[in-house]
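Below you'll find the structure, written out as structure tokens, and then a few comments.
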Amino acid sequence: MYSFANDYSEGAHPKILEQIVKTNLEQTGVYFSDEYCSSAETLIKKACGKPKAKVHFFMGGTQANATIISSALRSFQGVYSSALGHINTHEAGAIEYGGHKILTLPDEDGKLTAQQIEFSHQLYLNDPKKEHWVQPKMVYISQPTELGTLYSKQELTALATVCRKYDLFLFLDGARLGYALTSPNNDVSLEDIADLCDVFYIGGTKCGLLFGEAAVIVSPLLQADFHTIMKQHGAVLAKGRLLGLQFETLFTNNLYEQICSYGIKQALRIKNAFQAKGISFYTNSFTNQQFPILTNEQYHILKQKYVMGVWEELPNNRLAIRFCTSWATKESEVSALLADIATL
Amino acid sequence: MYSFANDYSEGAHPKILEQIVKTNLEQTGVYFSDEYCSSAETLIKKACGKPKAKVHFFMGGTQANATIISSALRSFQGVYSSALGHINTHEAGAIEYGGHKILTLPDEDGKLTAQQIEFSHQLYLNDPKKEHWVQPKMVYISQPTELGTLYSKQELTALATVCRKYDLFLFLDGARLGYALTSPNNDVSLEDIADLCDVFYIGGTKCGLLFGEAAVIVSPLLQADFHTIMKQHGAVLAKGRLLGLQFETLFTNNLYEQICSYGIKQALRIKNAFQAKGISFYTNSFTNQQFPILTNEQYHILKQKYVMGVWEELPNNRLAIRFCTSWATKESEVSALLADIATL
Amino acid sequence: MYSFANDYSEGAHPKILEQIVKTNLEQTGVYFSDEYCSSAETLIKKACGKPKAKVHFFMGGTQANATIISSALRSFQGVYSSALGHINTHEAGAIEYGGHKILTLPDEDGKLTAQQIEFSHQLYLNDPKKEHWVQPKMVYISQPTELGTLYSKQELTALATVCRKYDLFLFLDGARLGYALTSPNNDVSLEDIADLCDVFYIGGTKCGLLFGEAAVIVSPLLQADFHTIMKQHGAVLAKGRLLGLQFETLFTNNLYEQICSYGIKQALRIKNAFQAKGISFYTNSFTNQQFPILTNEQYHILKQKYVMGVWEELPNNRLAIRFCTSWATKESEVSALLADIATL
Amino acid sequence: MYSFANDYSEGAHPKILEQIVKTNLEQTGVYFSDEYCSSAETLIKKACGKPKAKVHFFMGGTQANATIISSALRSFQGVYSSALGHINTHEAGAIEYGGHKILTLPDEDGKLTAQQIEFSHQLYLNDPKKEHWVQPKMVYISQPTELGTLYSKQELTALATVCRKYDLFLFLDGARLGYALTSPNNDVSLEDIADLCDVFYIGGTKCGLLFGEAAVIVSPLLQADFHTIMKQHGAVLAKGRLLGLQFETLFTNNLYEQICSYGIKQALRIKNAFQAKGISFYTNSFTNQQFPILTNEQYHILKQKYVMGVWEELPNNRLAIRFCTSWATKESEVSALLADIATL
């Protein structure tokens, strides 16, 4: 059985592990005060074109989301999110545990639009009882989205514009950001994201690290006291250097790009195979998640040999299935899968 | 400069790293559903003599403390702790962030006593307005304590007895538990702890792992829904196997004991050297933290060559200094330190 | 200008005030320990047919909702509510402030259905990743609903059945409960509510009191420590007797019924007048809130003489308008309004 | 049995009730948008000499404390308080429920001193790990204190100075403020308090109202969004005018002063009687709470006829007893008590 169930079934890219082993016996500062963290911060700020940003390292996405949102909102403020947003679904209420309401909006192909924010926020502003509503203060989006789709530069710019108009922070969850940056369908660079968002993170866990997400705090309003807020969330790793040196390695010699473009390549092979077979998709993704719509029968055939995710049960005995690829996906296993798809 | 500042300045014990490297390309279940986690859980439950316990893995101590306390207390309940307790000092208010008051009591040599709990809890129970007080529901202790001291089996039994009398959960923070278990001054076994406490954790970060604490949930009352509570705290590691295989290794072939008894050995060499010099101690520790009381002058001499922690400024230009040792402490550096102590 | 904007524009029913004045100089117990509170509790439990219930008094609805939900849910649990539910809209995020997610479902004429809960909860239970979701543990409904509609006995029984099936608490917000109990369209008695719900409250603020809501805790699971939880929410009134004696008066000589049936009578006069004019309604209410759909022109005519609420702007220059009546609504002003409606 | 147990055993001063009755049938704005609230705000701001302050009305002290502290602190910030502070004892953890740590300091005669804050805050600022501490951001004091003692103008000025030096908000809980302002031992005016504090409240519940505390938000930093924060805490009274008209009455024709100076007069009669008898006091109070130290025997004699509070059990069979007086205390009952004290 080979698993395409997700992009974190294996350990780390060998170059990452190599660095951890190589530096193992060094004595360094603790709690992110070491030189690997400094170096990684410098590399990331350079890649973002933001010398005044601050970079902080998290061990995972839920932790990053909860801490960042908590750092930006006061107790009576809430965050707009697509109902599909990860913070609204599979984080066990971490945002509400921190006291904040998620103001959900329906998604359009996984995305929020500037028009939605404009409309919803006008509704809020014009409500005669708005003092009795949660005050919206942030917009949360993911790139790529939970459905593998991408915000275009134009869409992201429109969102940033409406956020600035209404003094809302724009926060981009980049748990799979590498697979956006290296998608053939993408026109948004890391610099664009850093220009348009107030805060975002560069995912490592799903892009070749053992674990880790690098949060880039662009807005000066969000930079103060961030380490303390992290500590309060249990998010300060004692041997913080582990995160620093992983990200230092990831941002050296284009490793991040290499890792993710490999994952994309394998995903597109799978996409093409399903398309060739005339099988349609739940969403038109050009990133490392593919959502073909299979009949129950087709699914059960593939299930003999592969582990996949069942995204949604659809009418007429059909299933939206999720295939994930990554740096670790074996080319030979994809080839075997392609052959099996061809015979469906 | 060699650092005795803490027990987490280096990476992981080589055997730990070796396992991470060796298993790197395996595909496993995620979020702790893998076989390494199962195996580690089995080994730990066996070592504790508690087949019905549940074991959960955390990335660090603050995260473990906040999650465990949140899992045990309802919103209006609080936890007794020594004022020195880690949850009351260097965790940036993580427990209060979760909504719970820490009911602080003065420490006696770093410890809480059963008498203190008895007295304080009687005060609470007899207060005619006790419905307007936070309801105490848990006792938090550390073994070893923040001052390196140890609860004896008799002291721990007395605490457990008073906890059971008043229906209080007893929670033991074992961030440095290995250095208690292997201390020559210790009479409390892992089985004893599992018998006496409702929940505790076995520290890995300071005892040879890259990171990790293994929480042992003994009380059936605290076992339900624990994974969800962890997720809400951002404490579910995607590649959870990293924790499973580190703890599996730690609990194989007595590695935990080997690692910690080595640290203890180095600590006692330092203790003996200060004693031989007639230097007194802030606390009489037989674990891997030693707190000699130095004059400013003595401190500045050692500071030329070693990094140490300043625990507290004392009257008459004296300082309580903290030396930490671990699996990674170099025997030769300790020897050099001993020579330097001798010439103070 | 006469106001039909809401049902709390005036003070209290004269009999209520009379009692407050009459007892003013008596010395009584504080924090609800007085005899008026005991007496009110006894009367309410009798009216509900629940001798083992506990009754607690709140100063307002948001306070009652937040405290009751907090008393019932553990930190990782959430509450199903219609998106229109008061807790989801005009309470400034009080529930999320307490750490709990509101699991919103679309309303059907202001109501939740047993089928919705069945479907949503099955979705939750069958999600392979349900450990990463907020755990649903309560259903929140209002009687009458925010739209003035009523759950029938059959509907409420179906909801209670599905709640019991899935071990969910059923919580009924009765801020305007008196206007349900006295509606000609109602078949649900107070005893029915007490049989079917785990906890609910009987609204006083909108039904003739200066302020006050009486929470009836039917489920023994929710009774312990309730006073402490109230105190933690700032909901324990020092001179608690004020609530006790208001509710004692309300539940003596059918005052609650008298007050609310008067309000209903005036509301139905207004309803009939709009119907006679051929004006349609946003919702078919038989309670003290009426929602006629007016043209902008009609609204501006009435606005010269009356204060009303704008519930929603509708297409084609129409508005859903809210008229509220109460014990204090003047019959003569309603007559004047009827005349003005007739000439629209 | 006559009760001296507290200052809220009766209803409201007759002039207050009279106004509630008189205005009962008026239709007014809701949620504090009425003219009585505006008028009360104007009168209070004038009495404080602070035309730019904002005034908000609460139903009780715990509610006021929790809301004000929540409005001022971000999630990782805490508040200094005496261990005796009401927020630290009888509020069931309301502050921690809101996520904030109370940083307790020992009291000196019920008070905090500027030196304590200076010392504690320096300790915080100089801690090399201060990023892992809760960040102190507010100082909470009571005037009079829980022990009936008073801050002098010099002491309060010193506290304000240290708060400004370290950018800490100074918050004064004035639940019994009227009894400070009218104490013969007092040199701090309402204007002084408004000059020196960032936020404070003027207690009504214990000073003649049915209920109510008027918070004066002096610092512009704390004024924004306050109504929303109140709503989130369930602290927005629907018929808010009840608070407005009570405070309007209290601040008209010196009623507040009249009420409280009467209470003080009765308290000092009791104080003098105990002094004349050679009975000592737990604390030297010149406000409406008196704490004589009685033998068990003396207490049991008085207990035949009077209800008092037992403040603390002292060694040698002695008790610190609390006597409270108020606007409602009967002169004749005090006379009877004096006679009984004389015969002890």
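Per-chain residue numbering starts at 1, and chain names A, B, C and D are given in the order in which the chains are listed.
FYI, contacts are C-beta pairs under 8 Å (C-beta built on N, C-alpha and C of every residue); 3 or more make two chains touch, one makes a residue touch a chain.
Treat the numbers as computed from the prediction; the structure is a model and nothing was measured.
Among the remaining chains, the Cα-based centre furthest from that of subunit C is the centre of B. A count of C-beta contacts for the chain pairs B-D and A-B puts A-B on top. Separation between the centroids of subunit B and subunit D, computed from CA atoms only, is 42 Å.
We define each chain's centre as the mean of its Cα atoms; on that basis subunit A and subunit B are separated by 34 Å. Within subunit B, residues 75-76, 90-93, 97-99, 131-133, 228-229, 231-232, 236 each touch two or more of the remaining chains. In terms of which chains touch, the assembly is arranged so that all chains touch all other chains.
By the touch criterion given at the top, residues 31, 70, 74-76, 98-99, 131-133, 135, 225, 227-229, 231-232, 236 of subunit D touch subunit A in their complex. Contacts from subunit A toward subunit C in the complex involve residues 75-76, 78, 89-93, 96-102, 104, 128-129, 131-134, 310.
Per the touch definition, subunit A reaches subunit B in the complex via residues 2-3, 6, 8-12, 14, 17, 20-21, 23-30, 59-67, 90-94, 97-98, 205-206, 210-211, 228-229, 231-239, 241-242, 328.
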